[in-house]
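Just below sit the structures, each encoded as C-alpha coordinates.
You will see subunit A twice below: alongside subunit B first, and alongside subunit C after that.
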Partner chain A sequence: MRFRNLCFLALALLVAYVAIMTVAELPPYGRPDNPVHNQVAERYIDGALTETGALNMVTAIVLDYRAYDTMFETIVLFTATLAVVITLKTGKGGGREQ
Partner chain B sequence: MNELWPRLLVNYPYLAAAILFVIGTFTVLTHPNLFKKLLGINIMESAIFLTFVASGNIRGGVAPIRATANAEAVYINPLPSALMLTGIVVSVSVTAFALALIVRLYRVYGTTDLRRIVVRRKEVTGDDGFAQG
Partner chain C sequence: MRDFILKRAAALILPFIFVYGIYVILHGAVSPGGSFAGGIIVGLSFVAFATIYGIEKGKAKLPEQVLVWTESYGTLWYGLMGMVGLGRGVPFLANKLAGVDLGTPGTLASGGLIPLIGLGVGIRVASTIVTLFFTMMEEES
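Right, the complex of A and B next:
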(Lines of atoms letter the chains of each structure in order from A and count residues from 1; the text may use other names and numbers.)
(Lines give C-alpha, C1' and ligand atoms only; values in the text may rest on other atoms or scores of the structure.)
Protein backbone atom coordinates (compact mmCIF):
# COMPACT_ATOMS: atom_id res chain seq x y z
CA MET A 1 0.00 0.00 0.00
CA ARG A 2 2.92 2.33 0.69
CA PHE A 3 4.50 1.53 -2.65
CA ARG A 4 1.20 2.29 -4.35
CA ASN A 5 0.96 5.67 -2.64
CA LEU A 6 4.52 6.49 -3.71
CA CYS A 7 3.58 5.63 -7.30
CA PHE A 8 0.55 7.90 -7.04
CA LEU A 9 2.71 10.68 -5.60
CA ALA A 10 5.10 10.35 -8.55
CA LEU A 11 2.17 10.46 -10.97
CA ALA A 12 0.74 13.55 -9.24
CA LEU A 13 4.14 15.26 -9.40
CA LEU A 14 4.32 14.47 -13.12
CA VAL A 15 0.86 15.99 -13.66
CA ALA A 16 1.93 19.02 -11.60
CA TYR A 17 5.07 19.46 -13.69
CA VAL A 18 3.14 19.33 -16.96
CA ALA A 19 0.45 21.72 -15.66
CA ILE A 20 2.95 24.25 -14.28
CA MET A 21 5.01 24.24 -17.50
CA THR A 22 1.76 24.85 -19.41
CA VAL A 23 0.85 27.74 -17.10
CA ALA A 24 4.28 29.30 -17.73
CA GLU A 25 3.65 29.23 -21.50
CA LEU A 26 0.13 30.76 -21.36
CA PRO A 27 -0.32 34.42 -22.38
CA PRO A 28 -0.16 36.85 -19.43
CA TYR A 29 -3.30 37.01 -17.31
CA GLY A 30 -5.72 39.91 -17.66
CA ARG A 31 -4.33 41.68 -20.76
CA PRO A 32 -6.93 43.01 -23.22
CA ASP A 33 -4.84 41.87 -26.24
CA ASN A 34 -4.81 38.17 -25.28
CA PRO A 35 -5.81 35.76 -28.07
CA VAL A 36 -8.95 34.84 -26.09
CA HIS A 37 -10.44 38.27 -26.82
CA ASN A 38 -10.82 37.78 -30.57
CA GLN A 39 -13.56 38.75 -33.01
CA VAL A 40 -16.01 36.24 -31.50
CA ALA A 41 -16.06 38.02 -28.14
CA GLU A 42 -16.19 41.40 -29.92
CA ARG A 43 -19.21 40.29 -31.88
CA TYR A 44 -20.99 39.12 -28.71
CA ILE A 45 -20.16 42.33 -26.83
CA ASP A 46 -21.13 44.68 -29.67
CA GLY A 47 -24.13 42.82 -31.03
CA ALA A 48 -25.78 41.27 -27.98
CA LEU A 49 -28.04 44.22 -27.15
CA THR A 50 -29.22 44.96 -30.70
CA GLU A 51 -29.51 41.33 -31.83
CA THR A 52 -31.13 39.77 -28.76
CA GLY A 53 -32.29 42.64 -26.54
CA ALA A 54 -30.62 41.19 -23.44
CA LEU A 55 -28.69 43.60 -21.22
CA ASN A 56 -26.60 40.77 -19.78
CA MET A 57 -24.32 39.34 -22.45
CA VAL A 58 -23.92 35.99 -20.70
CA THR A 59 -27.71 35.65 -20.74
CA ALA A 60 -27.72 36.58 -24.43
CA ILE A 61 -25.19 33.85 -25.24
CA VAL A 62 -26.78 31.14 -23.10
CA LEU A 63 -30.41 31.77 -24.00
CA ASP A 64 -30.20 33.14 -27.55
CA TYR A 65 -26.98 32.50 -29.49
CA ARG A 66 -26.53 29.04 -27.97
CA ALA A 67 -30.15 28.20 -27.24
CA TYR A 68 -29.86 24.65 -28.63
CA ASP A 69 -26.94 24.05 -26.27
CA THR A 70 -29.09 25.14 -23.33
CA MET A 71 -32.02 23.01 -24.51
CA PHE A 72 -29.92 19.84 -24.68
CA GLU A 73 -28.38 20.79 -21.34
CA THR A 74 -31.84 20.42 -19.82
CA ILE A 75 -31.98 16.95 -21.43
CA VAL A 76 -28.66 16.14 -19.73
CA LEU A 77 -30.14 17.24 -16.41
CA PHE A 78 -33.33 15.22 -17.03
CA THR A 79 -31.32 12.11 -17.92
CA ALA A 80 -29.23 12.48 -14.77
CA THR A 81 -32.38 12.78 -12.65
CA LEU A 82 -33.83 9.71 -14.37
CA ALA A 83 -30.62 7.73 -13.77
CA VAL A 84 -30.60 8.69 -10.08
CA VAL A 85 -34.22 7.57 -9.63
CA ILE A 86 -33.63 4.29 -11.50
CA THR A 87 -30.47 3.61 -9.49
CA LEU A 88 -32.07 4.23 -6.12
CA LYS A 89 -35.55 2.78 -6.59
CA THR A 90 -35.15 -0.46 -8.56
CA GLY A 91 -33.40 -3.81 -8.40
CA LYS A 92 -31.74 -5.76 -5.59
CA GLY A 93 -31.06 -3.51 -2.62
CA GLY A 94 -33.28 -0.81 -4.08
CA GLY A 95 -36.42 0.77 -2.69
CA ARG A 96 -36.83 1.04 1.06
CA GLU A 97 -34.18 -0.41 3.34
CA GLN A 98 -35.08 -3.68 5.04
CA MET B 1 13.65 27.54 -18.14
CA ASN B 2 14.84 31.13 -17.53
CA GLU B 3 12.42 33.52 -15.76
CA LEU B 4 10.03 30.72 -14.82
CA TRP B 5 8.80 32.31 -11.59
CA PRO B 6 7.78 35.72 -13.06
CA ARG B 7 5.79 34.01 -15.78
CA LEU B 8 4.10 31.76 -13.20
CA LEU B 9 3.28 34.62 -10.85
CA VAL B 10 1.79 36.75 -13.63
CA ASN B 11 -0.53 33.81 -14.36
CA TYR B 12 -1.47 33.22 -10.71
CA PRO B 13 -5.13 32.17 -11.36
CA TYR B 14 -3.93 29.48 -13.77
CA LEU B 15 -1.29 28.44 -11.26
CA ALA B 16 -3.95 28.11 -8.55
CA ALA B 17 -6.05 26.06 -10.97
CA ALA B 18 -3.10 23.77 -11.71
CA ILE B 19 -2.48 23.23 -7.99
CA LEU B 20 -6.19 22.51 -7.42
CA PHE B 21 -6.17 20.02 -10.30
CA VAL B 22 -3.21 18.16 -8.85
CA ILE B 23 -4.85 18.09 -5.41
CA GLY B 24 -7.97 16.61 -6.99
CA THR B 25 -5.98 14.00 -8.90
CA PHE B 26 -4.10 12.95 -5.79
CA THR B 27 -7.35 12.75 -3.79
CA VAL B 28 -8.99 10.54 -6.42
CA LEU B 29 -6.00 8.22 -6.59
CA THR B 30 -5.15 7.79 -2.91
CA HIS B 31 -8.38 7.91 -0.87
CA PRO B 32 -10.25 4.59 -0.61
CA ASN B 33 -13.45 6.33 0.55
CA LEU B 34 -15.80 6.81 -2.40
CA PHE B 35 -17.15 10.13 -1.08
CA LYS B 36 -13.62 11.50 -0.97
CA LYS B 37 -12.94 10.27 -4.49
CA LEU B 38 -16.06 12.17 -5.60
CA LEU B 39 -14.80 15.25 -3.72
CA GLY B 40 -11.53 14.96 -5.64
CA ILE B 41 -13.40 14.84 -8.96
CA ASN B 42 -15.31 17.98 -7.93
CA ILE B 43 -12.07 19.76 -7.02
CA MET B 44 -10.69 18.93 -10.48
CA GLU B 45 -13.87 20.32 -12.05
CA SER B 46 -13.48 23.52 -10.04
CA ALA B 47 -9.92 23.86 -11.36
CA ILE B 48 -11.18 23.63 -14.95
CA PHE B 49 -13.89 26.23 -14.28
CA LEU B 50 -11.31 28.56 -12.71
CA THR B 51 -9.02 28.20 -15.75
CA PHE B 52 -11.77 29.07 -18.21
CA VAL B 53 -13.29 31.98 -16.29
CA ALA B 54 -9.84 33.46 -15.58
CA SER B 55 -8.92 33.23 -19.27
CA GLY B 56 -11.85 35.54 -20.11
CA ASN B 57 -10.93 38.20 -17.56
CA ILE B 58 -9.39 41.60 -18.31
CA ARG B 59 -7.72 43.71 -15.63
CA GLY B 60 -9.87 46.81 -15.04
CA GLY B 61 -12.71 45.39 -17.09
CA VAL B 62 -16.32 45.33 -15.90
CA ALA B 63 -18.90 42.54 -15.89
CA PRO B 64 -20.57 42.18 -19.32
CA ILE B 65 -23.86 43.82 -18.35
CA ARG B 66 -25.01 46.93 -20.22
CA ALA B 67 -27.11 48.48 -17.45
CA THR B 68 -24.37 48.90 -14.85
CA ALA B 69 -21.46 50.34 -16.88
CA ASN B 70 -20.64 53.64 -18.55
CA ALA B 71 -20.13 53.85 -22.31
CA GLU B 72 -16.34 53.63 -22.51
CA ALA B 73 -15.95 50.71 -20.09
CA VAL B 74 -14.04 47.61 -21.25
CA TYR B 75 -16.21 44.51 -20.91
CA ILE B 76 -14.63 41.18 -20.01
CA ASN B 77 -15.12 38.24 -22.37
CA PRO B 78 -18.63 36.80 -21.74
CA LEU B 79 -18.03 33.59 -23.70
CA PRO B 80 -16.01 31.55 -21.13
CA SER B 81 -18.54 32.39 -18.41
CA ALA B 82 -21.41 31.21 -20.61
CA LEU B 83 -19.57 28.00 -21.52
CA MET B 84 -18.84 27.24 -17.87
CA LEU B 85 -22.56 27.43 -17.06
CA THR B 86 -22.91 24.35 -19.29
CA GLY B 87 -19.96 22.78 -17.54
CA ILE B 88 -21.50 23.38 -14.13
CA VAL B 89 -24.71 21.61 -15.20
CA VAL B 90 -22.73 18.58 -16.41
CA SER B 91 -20.74 18.62 -13.14
CA VAL B 92 -23.91 18.64 -11.06
CA SER B 93 -25.38 15.77 -13.10
CA VAL B 94 -22.26 13.63 -12.74
CA THR B 95 -22.08 14.35 -8.99
CA ALA B 96 -25.74 13.42 -8.47
CA PHE B 97 -25.41 10.14 -10.37
CA ALA B 98 -22.18 9.23 -8.56
CA LEU B 99 -23.80 9.95 -5.19
CA ALA B 100 -26.72 7.70 -6.15
CA LEU B 101 -24.30 4.91 -7.06
CA ILE B 102 -22.48 5.34 -3.73
CA VAL B 103 -25.77 5.14 -1.81
CA ARG B 104 -26.65 1.96 -3.70
CA LEU B 105 -23.23 0.45 -2.91
CA TYR B 106 -23.68 1.37 0.75
CA ARG B 107 -27.05 -0.39 0.86
CA VAL B 108 -25.58 -3.59 -0.59
CA TYR B 109 -22.19 -3.71 1.17
CA GLY B 110 -22.75 -1.57 4.27
CA THR B 111 -19.65 0.57 3.69
CA THR B 112 -18.32 3.25 1.36
CA ASP B 113 -14.71 2.09 1.69
CA LEU B 114 -13.54 0.71 -1.64
CA ARG B 115 -11.08 -1.79 -0.09
CA ARG B 116 -13.78 -3.28 2.17
CA ILE B 117 -16.19 -3.44 -0.77
CA VAL B 118 -13.66 -5.50 -2.75
CA VAL B 119 -13.09 -7.80 0.26
CA ARG B 120 -16.81 -8.38 0.86
CA ARG B 121 -17.45 -8.95 -2.81
CA LYS B 122 -14.78 -11.67 -2.77
CA GLU B 123 -16.34 -13.25 0.35
CA VAL B 124 -19.82 -13.37 -1.15
CA THR B 125 -19.17 -14.33 -4.76
CA GLY B 126 -15.59 -15.60 -4.80
CA ASP B 127 -14.95 -12.98 -7.48
CA ASP B 128 -12.61 -10.06 -6.87
CA GLY B 129 -14.30 -7.93 -9.52
CA PHE B 130 -11.29 -7.88 -11.80
CA ALA B 131 -11.53 -11.33 -13.39
CA GLN B 132 -12.70 -11.58 -16.98
CA GLY B 133 -16.18 -12.99 -17.69
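Right, the complex of A and C next:
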Protein backbone atom coordinates (compact mmCIF):
# COMPACT_ATOMS: atom_id res chain seq x y z
CA MET A 1 0.00 0.00 0.00
CA ARG A 2 2.87 2.35 0.80
CA PHE A 3 4.39 1.72 -2.63
CA ARG A 4 1.07 2.51 -4.24
CA ASN A 5 0.85 5.83 -2.41
CA LEU A 6 4.35 6.71 -3.60
CA CYS A 7 3.32 5.95 -7.17
CA PHE A 8 0.32 8.24 -6.84
CA LEU A 9 2.51 10.98 -5.38
CA ALA A 10 4.94 10.71 -8.30
CA LEU A 11 2.03 10.82 -10.75
CA ALA A 12 0.53 13.89 -9.07
CA LEU A 13 3.89 15.69 -9.15
CA LEU A 14 4.27 14.83 -12.84
CA VAL A 15 0.82 16.24 -13.66
CA ALA A 16 1.55 19.39 -11.64
CA TYR A 17 4.89 19.81 -13.46
CA VAL A 18 3.21 19.53 -16.87
CA ALA A 19 0.46 21.99 -15.86
CA ILE A 20 2.95 24.54 -14.53
CA MET A 21 5.10 24.28 -17.65
CA THR A 22 2.01 24.78 -19.82
CA VAL A 23 1.05 27.93 -17.92
CA ALA A 24 4.60 29.22 -18.16
CA GLU A 25 4.41 28.91 -21.96
CA LEU A 26 1.31 31.14 -22.20
CA PRO A 27 1.79 34.63 -23.68
CA PRO A 28 1.63 37.54 -21.20
CA TYR A 29 -1.82 38.91 -20.43
CA GLY A 30 -3.01 41.93 -22.40
CA ARG A 31 -0.27 42.25 -25.03
CA PRO A 32 -1.62 43.55 -28.35
CA ASP A 33 0.06 40.88 -30.49
CA ASN A 34 -1.39 37.94 -28.55
CA PRO A 35 -3.01 35.22 -30.68
CA VAL A 36 -6.49 35.98 -29.28
CA HIS A 37 -6.51 39.43 -30.92
CA ASN A 38 -7.24 38.09 -34.38
CA GLN A 39 -9.61 39.13 -37.13
CA VAL A 40 -12.68 37.64 -35.39
CA ALA A 41 -12.61 40.14 -32.52
CA GLU A 42 -11.86 42.97 -34.93
CA ARG A 43 -14.80 41.97 -37.11
CA TYR A 44 -17.15 41.97 -34.11
CA ILE A 45 -15.93 45.36 -32.83
CA ASP A 46 -16.01 47.02 -36.25
CA GLY A 47 -19.15 45.49 -37.71
CA ALA A 48 -21.50 44.70 -34.82
CA LEU A 49 -23.46 47.94 -35.13
CA THR A 50 -23.86 47.97 -38.90
CA GLU A 51 -24.39 44.23 -39.30
CA THR A 52 -26.89 43.64 -36.49
CA GLY A 53 -28.24 47.08 -35.53
CA ALA A 54 -27.78 46.34 -31.81
CA LEU A 55 -25.95 48.83 -29.60
CA ASN A 56 -25.17 46.17 -27.00
CA MET A 57 -22.29 44.24 -28.52
CA VAL A 58 -22.69 41.29 -26.17
CA THR A 59 -26.29 40.82 -27.30
CA ALA A 60 -25.19 41.22 -30.91
CA ILE A 61 -22.71 38.36 -30.51
CA VAL A 62 -24.92 36.10 -28.37
CA LEU A 63 -28.17 36.49 -30.31
CA ASP A 64 -26.92 37.16 -33.84
CA TYR A 65 -23.39 35.99 -34.64
CA ARG A 66 -23.62 33.03 -32.26
CA ALA A 67 -27.39 32.54 -32.30
CA TYR A 68 -27.05 28.85 -33.09
CA ASP A 69 -24.98 28.40 -29.93
CA THR A 70 -27.58 30.24 -27.83
CA MET A 71 -30.37 28.08 -29.22
CA PHE A 72 -28.67 24.97 -27.89
CA GLU A 73 -28.03 26.76 -24.59
CA THR A 74 -31.81 27.03 -24.21
CA ILE A 75 -32.07 23.33 -25.05
CA VAL A 76 -29.52 22.64 -22.30
CA LEU A 77 -31.78 24.58 -19.91
CA PHE A 78 -34.73 22.48 -21.06
CA THR A 79 -32.79 19.26 -20.48
CA ALA A 80 -31.73 20.37 -16.99
CA THR A 81 -35.32 21.18 -16.06
CA LEU A 82 -36.49 17.87 -17.48
CA ALA A 83 -33.94 15.95 -15.40
CA VAL A 84 -34.88 17.76 -12.19
CA VAL A 85 -38.62 17.29 -12.77
CA ILE A 86 -38.22 13.60 -13.60
CA THR A 87 -36.06 13.05 -10.50
CA LEU A 88 -37.96 15.11 -7.93
CA LYS A 89 -41.60 15.27 -9.07
CA THR A 90 -43.72 13.42 -6.54
CA GLY A 91 -46.91 13.07 -8.53
CA LYS A 92 -49.22 14.31 -5.77
CA GLY A 93 -50.67 17.79 -6.13
CA GLY A 94 -50.95 19.46 -9.53
CA GLY A 95 -50.13 17.93 -12.85
CA ARG A 96 -52.29 15.69 -14.93
CA GLU A 97 -53.93 12.73 -13.19
CA GLN A 98 -52.69 9.34 -14.29
CA MET B 1 -43.94 32.93 6.29
CA ARG B 2 -46.60 35.13 7.92
CA ASP B 3 -44.75 38.39 8.50
CA PHE B 4 -47.03 41.40 7.93
CA ILE B 5 -44.23 43.89 7.16
CA LEU B 6 -42.56 41.52 4.71
CA LYS B 7 -45.82 40.89 2.88
CA ARG B 8 -46.71 44.57 2.52
CA ALA B 9 -43.18 45.50 1.41
CA ALA B 10 -43.19 42.67 -1.14
CA ALA B 11 -46.58 43.81 -2.43
CA LEU B 12 -45.06 47.21 -3.11
CA ILE B 13 -41.78 46.05 -4.65
CA LEU B 14 -42.53 42.82 -6.55
CA PRO B 15 -44.61 44.35 -9.40
CA PHE B 16 -41.77 46.73 -10.18
CA ILE B 17 -39.23 43.87 -10.15
CA PHE B 18 -41.42 41.95 -12.61
CA VAL B 19 -41.85 44.93 -14.96
CA TYR B 20 -38.14 45.71 -14.71
CA GLY B 21 -37.34 42.16 -15.80
CA ILE B 22 -39.55 42.53 -18.87
CA TYR B 23 -37.85 45.88 -19.56
CA VAL B 24 -34.41 44.27 -19.43
CA ILE B 25 -35.52 41.47 -21.78
CA LEU B 26 -37.01 43.84 -24.36
CA HIS B 27 -34.10 46.31 -24.23
CA GLY B 28 -31.45 43.61 -24.63
CA ALA B 29 -30.24 45.06 -27.92
CA VAL B 30 -30.00 48.62 -26.62
CA SER B 31 -28.85 48.66 -23.01
CA PRO B 32 -26.72 46.44 -20.75
CA GLY B 33 -28.43 43.27 -19.63
CA GLY B 34 -30.17 41.03 -22.10
CA SER B 35 -32.50 38.12 -22.29
CA PHE B 36 -30.68 35.82 -19.84
CA ALA B 37 -30.41 38.48 -17.13
CA GLY B 38 -33.98 39.70 -17.69
CA GLY B 39 -35.36 36.17 -17.59
CA ILE B 40 -33.59 35.60 -14.28
CA ILE B 41 -35.16 38.78 -12.87
CA VAL B 42 -38.67 37.79 -14.01
CA GLY B 43 -38.24 34.27 -12.62
CA LEU B 44 -36.88 35.50 -9.31
CA SER B 45 -39.84 37.85 -8.85
CA PHE B 46 -42.11 34.78 -8.91
CA VAL B 47 -39.71 32.88 -6.63
CA ALA B 48 -39.77 35.75 -4.11
CA PHE B 49 -43.57 35.86 -4.29
CA ALA B 50 -43.84 32.13 -3.61
CA THR B 51 -41.31 32.36 -0.77
CA ILE B 52 -43.09 35.21 0.99
CA TYR B 53 -46.77 34.38 0.39
CA GLY B 54 -46.45 30.60 0.49
CA ILE B 55 -45.99 28.01 -2.23
CA GLU B 56 -49.75 27.49 -2.71
CA LYS B 57 -50.40 31.13 -3.60
CA GLY B 58 -47.35 31.13 -5.83
CA LYS B 59 -48.69 28.15 -7.75
CA ALA B 60 -52.08 29.83 -8.05
CA LYS B 61 -50.33 32.87 -9.55
CA LEU B 62 -48.43 30.80 -12.09
CA PRO B 63 -50.27 27.50 -12.73
CA GLU B 64 -48.47 24.39 -13.84
CA GLN B 65 -50.17 24.41 -17.23
CA VAL B 66 -48.64 27.82 -17.99
CA LEU B 67 -45.21 26.58 -16.91
CA VAL B 68 -45.49 23.47 -19.07
CA TRP B 69 -46.52 25.64 -22.01
CA THR B 70 -43.67 28.13 -21.67
CA GLU B 71 -41.14 25.35 -21.01
CA SER B 72 -42.16 23.63 -24.20
CA TYR B 73 -42.67 26.50 -26.61
CA GLY B 74 -39.87 28.93 -25.67
CA THR B 75 -37.27 27.05 -27.66
CA LEU B 76 -39.77 26.37 -30.44
CA TRP B 77 -40.33 30.13 -30.76
CA TYR B 78 -36.55 30.54 -31.07
CA GLY B 79 -36.51 27.93 -33.82
CA LEU B 80 -39.41 29.61 -35.63
CA MET B 81 -37.47 32.88 -35.64
CA GLY B 82 -34.61 30.96 -37.20
CA MET B 83 -36.96 29.67 -39.89
CA VAL B 84 -37.36 33.26 -41.16
CA GLY B 85 -33.87 32.93 -42.61
CA LEU B 86 -34.65 29.57 -44.21
CA GLY B 87 -37.81 30.99 -45.78
CA ARG B 88 -35.81 33.73 -47.48
CA GLY B 89 -33.26 31.25 -48.82
CA VAL B 90 -30.39 32.21 -46.50
CA PRO B 91 -28.86 30.25 -43.57
CA PHE B 92 -30.75 29.32 -40.40
CA LEU B 93 -31.06 32.16 -37.84
CA ALA B 94 -29.80 34.78 -40.30
CA ASN B 95 -30.73 38.33 -39.37
CA LYS B 96 -29.42 40.96 -41.76
CA LEU B 97 -28.89 38.41 -44.53
CA ALA B 98 -32.61 37.56 -44.38
CA GLY B 99 -33.51 41.12 -45.32
CA VAL B 100 -35.05 42.00 -41.94
CA ASP B 101 -35.29 45.74 -41.32
CA LEU B 102 -32.65 46.56 -38.69
CA GLY B 103 -34.22 49.86 -37.64
CA THR B 104 -32.43 52.80 -36.10
CA PRO B 105 -29.74 51.71 -33.60
CA GLY B 106 -30.67 52.89 -30.12
CA THR B 107 -34.43 52.56 -30.45
CA LEU B 108 -36.47 49.72 -28.99
CA ALA B 109 -37.30 48.16 -32.36
CA SER B 110 -33.69 48.01 -33.54
CA GLY B 111 -31.71 44.88 -34.21
CA GLY B 112 -34.12 43.08 -36.51
CA LEU B 113 -34.86 39.65 -35.05
CA ILE B 114 -32.74 40.15 -31.91
CA PRO B 115 -35.57 41.38 -29.58
CA LEU B 116 -37.88 38.59 -30.78
CA ILE B 117 -35.22 35.91 -30.25
CA GLY B 118 -34.41 37.45 -26.87
CA LEU B 119 -38.06 37.22 -25.87
CA GLY B 120 -37.96 33.45 -26.41
CA VAL B 121 -34.74 33.09 -24.42
CA GLY B 122 -36.13 35.22 -21.58
CA ILE B 123 -39.32 33.16 -21.35
CA ARG B 124 -37.25 29.97 -21.27
CA VAL B 125 -34.93 31.19 -18.52
CA ALA B 126 -37.79 32.53 -16.36
CA SER B 127 -39.83 29.34 -16.63
CA THR B 128 -36.73 27.24 -15.90
CA ILE B 129 -36.05 29.14 -12.67
CA VAL B 130 -39.68 28.94 -11.55
CA THR B 131 -40.07 25.26 -12.46
CA LEU B 132 -36.90 24.26 -10.61
CA PHE B 133 -37.97 26.24 -7.53
CA PHE B 134 -41.53 24.85 -7.44
CA THR B 135 -40.33 21.28 -7.98
CA MET B 136 -37.78 21.48 -5.18
CA MET B 137 -40.20 23.19 -2.77
CA GLU B 138 -42.78 20.51 -3.51
CA GLU B 139 -40.20 17.87 -2.70
CA GLU B 140 -39.39 19.55 0.60
CA SER B 141 -42.96 19.86 1.86
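Rule of thumb we're sticking to: the second predicted complex is superposed on the first by the 74 of 98 C-alpha atoms of A that agree within 3 Å, B and C clash if a C-alpha of one lies under 4 Å from a C-alpha of the other, contacts with A are read in each partner's own complex, and residues count from 1 in each chain.
What we mean here is this: a residue touches a chain if its C-beta (ideal position, glycine included) is under 8 Å from a C-beta of that chain, and two chains touch if they have at least 3 such contacts.
Remember, it's a predicted structure, so these values are computed and weren't measured experimentally.
Q: Between subunit B and subunit C, positioned on subunit A by superposition, is the outcome a clash or a fit?
A: fit
Q: Which partner does A:62 reach: the first (subunit B), the second (subunit C), both, or neither?
A: Both partners.
Q: Regarding the shared-chain residue A:52, is it in contact with subunit B (first), subunit C (second), both, or neither?
A: second
Q: Who contacts more of subunit A, subunit B or subunit C?
A: B
Q: Where does A:20 make contact in the superposed view: on subunit B (first), on subunit C (second), on both, or on neither?
A: Touch status of A:20: first partner only.
Q: Of the two partner chains, subunit B (first) and subunit C (second), which one does A:40 touch, if any: first, second, both, or neither?
A: In the superposition, A:40 touches subunit B alone.
Q: Give one of first, second, both or neither to describe whether A:84 is in contact with subunit B, with subunit C, with both, or with none.
A: Both subunit B and subunit C are touched by A:84.
Q: Looking at the superposed set of three chains, what is the minimum CA distance between subunit B and subunit C in Å?
A: 9
Q: For subunit A, which residues belong to both interfaces, subunit B and subunit C?
A: Touching subunit B and subunit C on subunit A: residues 49, 55-56, 58, 60, 62, 70, 77, 80-81, 84, 88, 93-94.
Q: So in the complex, the part of subunit A that touches subunit C is made up of which residues?
A: Interface residues on subunit A, with respect to subunit C: 49, 51-56, 58-60, 62-64, 67-68, 70-71, 74-75, 77-78, 80-81, 84-85, 88-90, 93-95.
Q: In the complex formed with subunit B, which residues of subunit A make contact?
A: 5, 8-9, 11-12, 15-16, 19-20, 22-26, 28-32, 34, 36-37, 40-41, 44-45, 48-49, 55-58, 60-62, 66, 69-70, 73, 76-77, 79-81, 83-84, 87-88, 92-94, 97
Q: Going by the contact rule set out above, which residues of subunit C touch subunit A in the complex?
A: Residue list for subunit C touching subunit A: 28-35, 59, 64, 71, 74-75, 78-79, 82, 92-93, 95-96, 102-103, 105-106, 110-114, 117-118, 120-121, 124-125, 127-128, 131-132, 135-136, 138-139.
Q: In their complex, what parts of subunit B are in touch with subunit A?
A: Going by the criterion above, the answer is residues 4, 7-8, 10-15, 18-19, 21-22, 25-26, 29-30, 54-59, 61, 64-67, 74-75, 77-82, 85-86, 89-90, 92-94, 96-97, 99-101, 103-104, 107-108.
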